[in-house]
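Following this line, the structures themselves.
Below are two complexes that have subunit A in common, paired first with subunit B and then with subunit C.
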Partner chain A sequence: MNSFWHKQREGLITLVLLSPGLAGFFGLFFYPMLLTVILSFRPEGREVGWTLAHYARFLGDPAFRDVLGLTFSLAVGATVFSVLLSLPLALVLREKPKGNRLFRLSILLPMMMPHLISALGLLLFWSKRGWANLFLLTVLPFLKEPVAVNYTIPGLILFYVWLFYPYTCLTTLASLEALDRSIEEAAEVAGANRLRVLWHIVLPLIRPGVLAGSVLTFMMAFGAFSVPLVTGGNYRPLSVQIFTQATLYLEWSAASAMAVVMAMAQVTFLTIYMRVLRRPIA
Partner chain B sequence: MMCAMTLVRQYARSVLSAKTLLVYSFLLGFLLYMVTPFLIIFFNSFGKGWYGMRWLPQEWTLNWYQWAIEVADIPEIMKNTLVIAGIAVVISTLIALPTGWALGRRHIPGKELLTALILLPRMIPAITFALGVAKIFYGLHLVDTFLGVALAHVALAAPYAILVLSATFESLDERVLEASAVCGASPAQGFFYVILPLILPGILSSIIFTFTTSYNEFTMTLMTYGPHTVTLPVRTYLAVGEGYWEVSSAMAVILIIPSLFILFLIQRQLQPEKLVGGFKGV
Partner chain C sequence: MSDYMIEFVNVTKRYGDIVANEHITLQIKRGELMTLLGPSGCGKTTALRCLTGHNHPDEGRIFIDGQDVTDLPTYKRNLGMVFQNFALFPHMTAFENVEFPLRIRGLSQSERREKVVEALKLVRLEGYGSHFPRQLSGGQQQRIGLARALVYRPSVLLLDEPLSNLDAKLREEMRFEIKDLQVRLGITAVYVTHDQEEALALSDRVAIMNKGRIEQVGTPEEIYERPGSQFVADFIGLSNFLEGTVTAVEGETTYLAVDNLSLGLATTAGARVGQRVLAFVRPNEVELAAPGTMSGPEVLEGVVEKMTYLGDKVDYRLRLGDRLMLRVQSGGTVRFKAGERVAVRLPMERCRVIGGGKA
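Now for the complex of A and B:
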């Protein structure tokens, strides 16, 4: 009996200790999310009645389907190019070249700097009169016109890669550094050249890390808000569309329906990420 | 024979240096890709009549900073930003201390799931629940108040603080405390001389994280701010929208300085690779 009460008391103390965190979670996240879900089923501007019209409109209207398509293409493009940038970079940095610390620090820049400022800098740098075009016009003699990067889809992907590749790169670098060098040495002794070692030994071994990082990059690109808001121009991915719908058109219910779809998509990606991460190294 | 050997050696050396050259030009290109957006902001904020198509501005000026301070009222906005960040840090720490202790040191059934839930607000795009938060705050008249904006930031800052502090508390070794008791320390002495020094770094890094989160937070602010609670990121966004790129650049430089400082601190104190995927341990 005594131990029962003791257990109850311990449980109660734990609950009291947890309560501030739970209050924050429910008050600032769960309840707002619940309200958003409810609002998404309400007719526009009213607090009564139920309707599926916003979801039907969102998923049926070609303009809104374009929004979904754009969001996915940007995220997929950003992920693919992030992997293409991260692999060589991580392989080079693994050898600890001179200035190693500086290069590693610069990987962190996009994560540590406010995205808004990065967006401003990217716009300035890639503008028709910016350094990037100045450089291209100088080194490529056949280039007569400056290249349009800002406010185009390839430009957006370029910005997304700049912003979100660190997630891929850091996990790739971490799994590379966790690799046992003796495996590669064994393969080399057995007569495999560097390329074969890379392709048959290193890449399969670091695949889980690269995958986990890519899913992270994908999630960040899917949810990006401030950067497409500033640099997107006429291209509005889902997050920007939600904001515009709510604050410009004052259609809160329609915006809520989109927000619910977005949140569900992100939770799905999150589940995939956890699965990828938990899978034992192949 | 000797001649052939020398030739081979020379060839090997030239291949080696070509490879080194390739690696370093890749790294240099990468470094430029990462850093130039910030460099160009810096030059843009000091340049006069620099409309691009030149590597550097022809004339230098401090006008944009003067504009930022006098017209855009940066001191007032800086005050708002710091007050809001201060409130957000205090609330997040007060939430995270007991909750982190419970998660780190007490037996809780389903702890993994609970941790994942608490981190959920950080993992899904803020815009999805920012709508609901704005809706609730309008009802409570919290919009355009310091407390309201800070609370909206807490939704994102508290999960990080809880994560950091629970990890800190979890790593506390009870035997150290027992040892201090054996050596004759009173519980108060044990707390001040043994526990506090051990958990202080954790608390400090939690404070740094929550502060940066709030200081840089844009999405949640955008949904809850008003004329009296404009923060630096929002002001920069508005200035970009108004088309005053030079003034925006000056504001961006003002906004960036603390981030750079913190980046420097973090690089010194923590291993950056461990920051990625803060919920890796889930």
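Now for the complex of A and C:
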């Protein structure tokens, strides 16, 4: 008996020390999620009974599939353009040009600002009489009409990129700066010009970092709520749709079902993404 | 065809106010292994980077095989280089690392395979092609680095402290391996190091650098036997410096007053009475004996201040007269203990004058 307690002591102490954290985890995270899942299987407005009706309704509805498609397109578009923007930016910043500290700080700006404020500001900036259009109309003589950005899909992607590219940019910059410069020099001495060094050496080596960053950007973009709510107009990605379903139509069970579908879609996509891109790096 | 494989002509490189290379002029012959030797910060790495094209000299020109490469980008210079930290491509296998320069040069797959296999054989790592760098030991990684630098037969092989990251025993082994390869391939090589022993063992000629300038260029023997400056004498091997005034010249012997001691030296051309000169003698060239057993103008007497037993030799620190300290190393057994008086013979032909002392 004595030896039993002796053996279990360390495990018990660990359990006791972990219990506040576990309680928080289950109470604040796991329990609400479980509730949402359960709610999604309940008939609307009831506390009892089980039904698959909500899932059947949404998954069979072409309009819902469009919403899912739109959410994906926005997130993928934002991720792709974030990577395309982050790579050259990080490559330049790595060389530490004059004023790069200010620039590095300004990368954080979209992360520090509340998304709602950013969204409103972007709407103003890109509106038909906003600064962006005033500038473009002045500079480009062939432009006869202001560019329509607000409430369009390219506009939404542009806003998403502005809001969520820092995640990709920072990780890209960090992996670039962790690279040993002599490896690139070795490739140069061996006969590779800068483009080939970039392609054969730098890009493969920073791939894990870029991947990690782009996953963050993707998740932020997929789950974005306040920005599409304010700037999306008729384009309503899943998060906005769920919000409408719950607060406007008060269909909580239906909204829960959508939320579960959204979570599943996100997890599935990310798993595939990681599998495809994350070939083991030597 | 130019006589020289590499020529630095009056190369100067500044970083802000710091002059890293000042009027470097150096010719390196075909098939020669030239070492740039000096303490850290002496400018040897800057000179090497000027040669690779990673630095652009502010003044002067650099020629490789008679061609002015000063403005040529690195990748067009056809150099091979071995790095201190190996700098292998971590995402490629050893085979792919060695293959990389050939792929860049657009060789066919069969040609590449043949040359890589040959290069791996050259560095005795035939079976290791499929290993990633992290699976190889330091010595093996550096040999892959060597194979990668040689596989495309560059016109020049550059080695930037290639042995510094290896342990002592391996370092000595690799030293001979590198030298052997260089001679077998007949390739011109520039070797950068701060390790004088390495430099003496490997080089056909050594360029000693100090504060951005080349102090002396010569064969290892010339550098060791006839150092051109106090810096060189001090940097290469151990030296005792004797600074004094010429008091008399009598035929073959010049008398020098060092502090309050009188010392005889072999007369060098142009020695004048009253001149300040700096002479040096190596610690292993000094002879010790019991007091009173030796005599002559080159014999002094002193006291052993400190004796250190080093196994194959014994290191004495002697005090001669009031202030002059002399370091002596002699082989064999301990013959004198601290506090004992000894007779010290500074052989005339081994006490060499290296120009005027600091006035």
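FYI, the second predicted complex is superposed on the first by the 256 of 282 C-alpha atoms of A that agree within 3 Å, B and C clash if a C-alpha of one lies under 4 Å from a C-alpha of the other, contacts with A are read in each partner's own complex, and residues count from 1 in each chain.
Heads up, the rule we're going with is that a residue touches a chain if its C-beta (ideal position, glycine included) is under 8 Å from a C-beta of that chain, and two chains touch if they have at least 3 such contacts.
The model shown is predicted, which means the values in this text are computed figures rather than measured ones.
**Student:** Of the two partner chains, subunit B (first) and subunit C (second), which one does A:Ala174 touch, if any: first, second, both, or neither?
**Tutor:** first
**Student:** For A:Leu39, decide between first (touching subunit B), second (touching subunit C), both and neither.
**Tutor:** first
**Student:** Mind working out whether A:His115 is in touch with subunit B, subunit C, both or neither, as first, second, both or neither?
**Tutor:** In the superposed model, A:His115 contacts subunit B only, not subunit C.
**Student:** Once the structures are superposed on A, label A:Ser182 by its partner contacts, choosing first (subunit B), second (subunit C), both or neither.
**Tutor:** After superposition on chain A, A:Ser182 lies in contact with subunit C alone.
**Student:** Tell me which touches more residues of subunit A here: subunit C or subunit B.
**Tutor:** So, of the two partners, B touches more residues of subunit A.
**Student:** Scan A:Trp162 for contacts with subunit B and subunit C and give back first, second, both or neither.
**Tutor:** A:Trp162 sits against subunit B, while subunit C stays out of touch.
**Student:** Check the residue A:Phe58 against both partner chains and state whether it touches subunit B (first), subunit C (second), both, or neither.
**Tutor:** neither
**Student:** Of the two partner chains, subunit B (first) and subunit C (second), which one does A:Phe218 touch, if any: first, second, both, or neither?
**Tutor:** Neither partner.
**Student:** Quick check: in the complex, which residue numbers of subunit A touch subunit B?
**Tutor:** Touching subunit B: residues 10, 13-14, 16-25, 28-29, 31-36, 39, 85, 88-89, 92, 97, 99, 101-122, 124-125, 127-132, 134, 162, 166-167, 170-171, 173-174, 212-213, 216, 219, 222-226, 229-230, 239, 242-243, 246, 252, 255-256, 259-260, 262-263, 266-267, 270, 274, 277 of subunit A.
**Student:** In their complex, what parts of subunit A are in touch with subunit C?
**Tutor:** 180, 182-183, 185-193, 196, 200-201, 204-205, 281-282
**Student:** In their shared complex, at which residues does subunit B touch subunit A?
**Tutor:** 23-24, 26-27, 30-31, 33-38, 40-41, 44, 51-55, 94-96, 98-103, 106-108, 114, 117-118, 120-121, 123-133, 135-136, 151-152, 154-155, 158, 162, 212, 216, 218-219, 222, 233, 236-237, 240, 245, 248-249, 252, 255-256, 259, 262-263, 266-267, 272-273, 275-277, 280, 282
**Student:** Going by the contact rule set out above, which residues of subunit C touch subunit A in the complex?
**Tutor:** Touching subunit A from subunit C are residues 52-54, 73-81, 83-85, 87-93, 100-101, 104-105, 132-134, 145, 148-149, 152, 158.
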